[in-house]
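Can you read through this structure? Questions will come right after.
Lettered A, B and C in written order, each chain numbered from 1.
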């Protein structure tokens, strides 16, 4: 890093102080590009005419100084240093025709473009912030009259809702007191009484389900109850010798016939 | 900003022209979060300003406009013209399903009209809340019918033309009967033995329903 | 209340005279802090109203006054004249001081929009902290734009109407120096020579700033 030393000797006192301030303020920089932009100001030329080679030297000298002062630099500063060192070698050495890739000049031009663009954005940001601003230079209405949101609730019901509602009431399922629920049950006594009255008509084999009370066939709960009690009543009648009972196979209909 | 300060200091010696003062009053009234008194206006305006006069000019300028300069106690404010108040409301319509209690009450009235509250309660098996009836009245789906000529002369309820329109019915007699409800699969259970027969199965139904069309 | 409704319904058939429409636009803009779009105006005005025309009349009427009719993107608002800001010290709201990173990020988004995080980082040469973007989003100065149709489908950022309102911009094309920056090629996304060209370079640049006005 003899170059860095050389440069340090050459710099004026004020520049040296500026360079040291840079070191101390390293946390204040928004990354290596920001630092490069700051360094470029010491060249006091239009960014388009900047000497990238000179800039690379300054940057590398800065990094070297930071190293000497044992200042920890973030990785991206070191990445930039490596890239600039590469750029510097490209710019200084005669181009190697066997090597691919962009020339040193192209890379330097890109760096200059990046610096110019960053500078332009900085200036644009400053111009933006210098504009008249709402709440500082111009103002909105102080007493806004809020739009009253009138929420109108429209209730809807369809004819189907109405019919279902009415059907619900008429069947009174929901309003029947608990004790009335026994209406869903056909007791053995009731079934037996019913069977005794009907059995006289069962001259041929008849499915016992046809003995279920008609009004019990629509509701599954009643149907189950009626089936069970009718079956039990049938067995009772068989025991009494009044009827015969048969079932062809499992789950086949159970049939009754009057015993003559 | 420094220019503005200069402007103020300059005007220590000379008040700005009245047109300019009017602009200032306008801007201050516009931006203030509460009404501003003449004294406050003058305290904020360049020295020598006559806020009261500027206010009068401004007030005249806004005459007949969408915004007025109004006096609020001892202070002044800009307010939108009262006749444009309707612009400051935004109506949002929200559709909600009618509650089950309301549907059932409505259905009973529709099928049994004219129906008294006691009758509705008897059929539903629960008491009918005032809110439910009020809601239906408010929606203009039911209205009061004639009073019953029975002790206490209870009011009756009937459905309205609005109700018929909403449900696409020519008249309340077009409501599907229980037979239709059953064939539509709406009635899975048979009515309990002893429950009232369906209105359409009975003669007095005809007289009941006619009430709707009497007035 | 009902009268107003009647008024609206009446006017379903005939729009009010332009002078009356101007009053309505005036009242609505006065009442609102936020800019109001032409569509919103018309939604609140009687049917058949031409809010855009009424706005032009109103804008002319307020020329040179203490309050101006200003355009903010696709919306309109009333704002005090900037030259009277010195009167409003009392109304000044202390805005949170923005960091340098936040200001630069905001400017980059405004001038390059839609901009991806990678593009912002490329321009600033440092990574963009989550907090910076969050702060700008929270202030409602930037919002998410459409995703880039490039690998990874990165999100983009664009500036909001609130941003335009805050900085008194009619639209994002009015950003100071935008034309000069563009003609100087400083808004181009120029890749490092020898590196893979950024896919979004394709054609995206041209649509860039215009994206804001597409929706």
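One rule holds in what follows: a residue touches a chain if its C-beta (ideal position, glycine included) is under 8 Å from a C-beta of that chain, and two chains touch if they have at least 3 such contacts.
Given the structure is predicted, the values throughout are model-derived calculations rather than measurements.
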{"item": "Contact graph of the chains (line, ring, star, complete, other)", "value": "complete"}
{"item": "Chain whose mean Cα position lies farthest from subunit A", "value": "B"}
{"item": "Distance between chain centroids, defined by C-alpha means - subunit A, subunit B (Å)", "value": "38"}
{"item": "Distance from the mean Cα position of subunit C to that of subunit B, given in whole angstrom", "value": "36"}
{"item": "Between subunit A and subunit C, centroid-to-centroid distance (C-alpha), Å", "value": "28"}
{"item": "Subunit A, residues touching no fewer than two other chains", "value": "139-142, 145-147"}
{"item": "Sequence positions of subunit B contacting 2 or more other chains", "value": "27, 30-33, 78, 80, 88-90"}
{"item": "Residues on subunit C engaged by subunit B in the complex (per definition of touch)", "value": "4-5, 7-8, 22-28, 30-31, 44-45, 64-67, 78, 80-81, 84-88, 90-91"}
{"item": "Contacting residues of subunit C [partner subunit A, same complex]", "value": "30-33, 44, 77-82, 85, 88, 91-93, 95, 100-101, 103-104, 106-108, 110-111, 123-126, 165-169, 175-177, 181, 184, 186, 190, 192-194"}
{"item": "List of subunit A residues in touch with subunit B within their complex", "value": "139-143, 145-173, 175-176, 183, 215, 218-219"}
{"item": "Contact footprint of subunit C on subunit A as seen in their complex", "value": "30-34, 36, 76, 101-102, 106-107, 109-110, 113-114, 116-118, 120-125, 127-129, 131-142, 144-147"}
